[in-house]
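Chain IDs A, B and C follow the sequence of writing; residue 1 opens each chain.
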Amino acid sequence: MAIFFAAYGVSPARAYGAILHGALGNWRGFSETLRRMIPLLLCGVGLTVAFRAQFWNIGADGQLLFGAMAATWVALFSGLQGPLVIPVMFLAGFVAGALWGLIPAVLKVKMGINDVITTLMMNYIAMYVALFLIHGPWKGPSVRGYPLTDIFPPAARIPTIGDTHVHWPTLVLGLVLAIVAYIMLNRTRSGFEIKVVGENPHAARFAGMSELKTVVIAMLISGGLAGLAGVGEVAGVQLRLLDPNQISMGYGYTAIIVAWLARKNPLGVIITAFFFGVLMAGGDVIKVNLGLPFQLINVFNGVIMFFLIGSEIFMRYRIALRRA
Amino acid sequence: MGWESWVISTFARALAYGTPLLLGTLGEIFAERSGVLNLGIEGMMIMGAYSAFVVTYTTGHPWLGILVAAVVGGAFSLIHAFATVTLKANQVVSGLALTMLGLGLSGVLGRSWVGLPLFTTLRNVTVPGLSAIPIIGPGLFTRQNLLVYITMLLVPILWYILFHTRIGITIRAVGEDPAAADSLGVNVDRVRYLCVVVGGVFAGIAGAYLSVAYRPAWTEGMTGGMGWIVIALTIFAFWNPVYGLLGSYLFAALYHLSYRLQTWVSPELLKAMPYVFAIIILIFVSRGTLQKRMGSPAALGVPYTRGEE
Amino acid sequence: MHKRIALVAVLAMVLIGGLVVVATAAEYVPGAPIKAGFIYIGPVGDYGWSHAHDVARQIVENEFPWLSTVYVETVGTGEVVSTVDKLVNDQHCNVIFTTSFDFMDGTVAAAAKYPDVIFAHNSGFKRAPNLATYMADFYQVYYLNGLAAGALTETNKLGYVGAVPIPEVKRHLNAFVIGALEVNPEATVDVRWINEWLNPAAAKEAAEALIADGCDVFAFTEDTPTVVQVAAENGFPSFAHYSPMYKFAPDYVVSGEMVHWDKIYADFLQKIYAGTYTAHNLQNVDYWWLLGQGSVEMAAEPGMAINPVYVDKLKAITIDHPTFGKISVYDLIETRLNQMSDPGITFDPYQGPIYDRKGNLQVAAGAWLSVDSLVSLEWAVKGVVGPWPGEP
């Protein structure tokens, strides 16, 4: 990685320093880190639940989009006013994302259809639904023909800290739900069932656990949380529905790595989501202040990923050796 | 325009746009048949597209570009193989990281190559004789480049290898039950390495096709998500090269039609059709005994460690 | 008595004025070096929109010794404010250019946040005391392209690959059609939309679909030379878009539209340097620059209005024109070009009477379409065939 930085005439130390300083060193940068962390946190927690049930939810992006669309409907078309709007948006977003995640879950359990493909396909379908809406029935009358909805009315905007993009209610929601998910997985019966179904489906069947019910619950949670992330993005950051790629920004995919890094532990996601928030915010800093090509941050992320993959192996072997 | 023009253009475009999809799918079929899920295809494709363009632009030989792209794709996939087979890391994460790496690297390296026109592209070929057959002739055998036909020919060859040769059986065994294969003396790791690299090579060639034949130029991110469609098509094809051909061409045909039919049907609706179709067909086929025969390799996505089960 | 009051008043004003200067020390002082930040929506390597802005940026940076620039690529719509944060606080920019319609609300927010920094937003319509808008529009050039296209078609079917169906693209498309029909009343223009600005595969398939439908001359709005290449592969002429695409098909590119953002940037920056434009008086500054100001050009290669390969052909085609009588298409193009480039513009493609394809009169005889109407145009002119999202 140092080679790349050096090739552009920037010393690696300076580059790393810029990333860290830019993302953590001042309030402005830190707020950017937090803002990136929010959707990663929500999606990541949801994904840990799904992954525990051995359900490979690659579709967080699509569930996020459905949450965003639901929030948009509430904000612009439901006629709702006042302080109720925001909680209703979150609720609607959760339900929409959960339902979108429900379909692949049922398909897998009832018909054995591979979860990777269904969730992946649903991402694209969600994207086209969103595109259809912003190009057609939901296009705002005030945007002069551009494919956007109108801006959300003030009652539908999630409050942010100062003039940053940190929509703190969603962040708080994410932190709380991470704790809730942890408790659910480790202290409740549903959580227990999810883990057993995931790790040992034979045993689960022996014990009479309903695989369908368990996977469905897991995916409802996973999809719902991604939906919440969508609400946050559209009502906290963008303040309207627009091009799906600008809303989801690949958070759904990055969250897979966030969840994996956290060893499928919802509390761990808080840390890993923060870490990736630093990386993403740092990437912006490099883009602007060091004049490095923005693609470099993808290279950077990729290299870090492999570094982590490699080191994870060593940790695993260490544990195995100790046990032996 | 008469219905002939519809059939002809649909066939022709299906072949043209479907070839990179098919190439990627064929490779991924092999990788997944051996039990390794490779989500890094997009990264390998774009690295292939980049290297093919650079080599072809500087040397003037498109086939050399394709060759280099194949090597680059294979080398890239070696990283994935190392991570997932030797280090036994999580295959999903490794693949995603590879995609990120590939997209970023090609973007960085490709900055100075944007906007350069490529004139030494793969030339189009018309199959003599066959192209005279009414409708099918102009549709399938006129003015496609050689790679399209090579790919078509590869399908029966690969199908045969996978289902009727010893190596094919070995691969499939490794994908279904690596422990059993291991106990019979098969070197599971080596087979998986081979298949992943094959997948990477094909992905590289698919990318090369894009930048050297389909649209001779380099633009950042020019694969435009094709890698993900390939992953879907692999499963859609039930890990069988022949169905892979049908799936790729069908998908490409629908894509083309979404533009031809734009006057009457909403474009978003049409563009979503292939994905909806995929799910519907999967549902349809999964009902009943077909599922058993066409299911995924049982050990797909699970790293194999000897002595651990 | 009066003198003493006057003296106190002057002293007070000086004191207050001094305080004001201190308080707004961040504000730019005319004559000092300028640092300008450019925010792009895409990568500079797209060979289209962002690329053209970047080329312009480099031109003005080389031209003015007092100017230094910095740019940021591929900025998301939700990241405008955070990018401006860095540009203003870390990079100390005094002027910020946001080069996409999508950045509009973000720019407005950023301008409110930094009232001493000068902002200019491209292709938008919201302004503020420190926020100007600017646009170099192509519709006249598309009209000229249309004149040539109408003459060169043999099937009387022209093809257009459109990006996103917004007023900007629609008015360009309509102008193209108006030009084509002026020369060839039998012609139609078939449209296909790809709903994105940059998607080479989509552009290719859309172009192929048009070819399959019988079109033989092509124009487009997309940020790559794909349509040019597809048309050339099939032996059809085309019109380049945005960047010099002549070299992609020297035998088949007739002409095109090229932009010179540097003209606008130079004008704007020089006015800031001279103190004419400040962070307080931009409320009504809106550049709507066309052929006359040199900000756009009919060409596929700078300086080459029409590909020499096609010049003779266009000279040989003569039409009976309602205004000019018997005239070759080549001469017609030149005449119109002059009419529109002259400071006192004597012709506009949108001068009435103009009917949309539903039969409504959109521009009355003898009238011209106002800038406001142009900027919010949604209808399709007579001669357009195909899907037209958002048709009123």
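One rule holds for everything that comes next: a contact is a pair of C-beta atoms (placed from the backbone, for glycine too) under 8 Å apart; a residue touches a chain by one contact, two chains touch by 3 or more.
What you see is a predicted model, and the numbers here were worked out from it, not measured in a lab.
Top-ranked chain pair, ordered by C-beta pairs in contact, is A-B. Each chain gets a centre from the mean of its Cα atoms; the one farthest from the centre of chain B is C. Measuring from the averaged C-alpha position of chain A to that of chain C gives a distance of 37 Å. Taking each chain's centre as the mean of its C-alpha atoms, chain B lies 39 Å from chain C. If you average the CA atoms of chain A and of chain B, the two centres end up 28 Å from each other.
Residue positions 131, 135-136, 293-294 of chain A each touch two or more of the other chains. Looking at chain B, one finds that residues 107, 111, 220, 268 touch two or more other chains. For chain C, residues touching at least two other chains, in rising order: 43, 195. Remark: chain C residues 43, 45-47, 51, 192-195, 198-202, 204-206, 208-209, 211-214, 224-226, 229, 233, 243, 247-248, 385-387 touch chain B in the complex. Chain C makes touch with chain A in their complex at residues 43, 70, 72-74, 76-79, 81-83, 85-87, 89-91, 101-102, 105, 113, 125, 164-167, 170, 195, 375-376, 378, 389-390. Chain A contributes residues 4, 56, 58, 107, 111-114, 116-118, 120-122, 124-125, 128-129, 131-132, 135-136, 253, 256-257, 260, 293-303, 305-306, 309-310, 312-313 to its touches with chain B in the complex. Only residues 1, 5-6, 8-9, 13, 16-17, 107, 110-111, 114-115, 117, 124, 214-217, 219-220, 222, 224, 226, 255-256, 258-260, 262-263, 267-268 of chain B touch chain C when the two sit together in their complex. Against chain A, the residues of chain B that register as touching in their complex are 37, 79, 83, 87-90, 92-94, 96-98, 100-108, 111, 220, 228, 231-232, 235-236, 266, 268-269, 271-272, 275-276, 278-279, 282-283, 286-287, 291, 295-296, 301.
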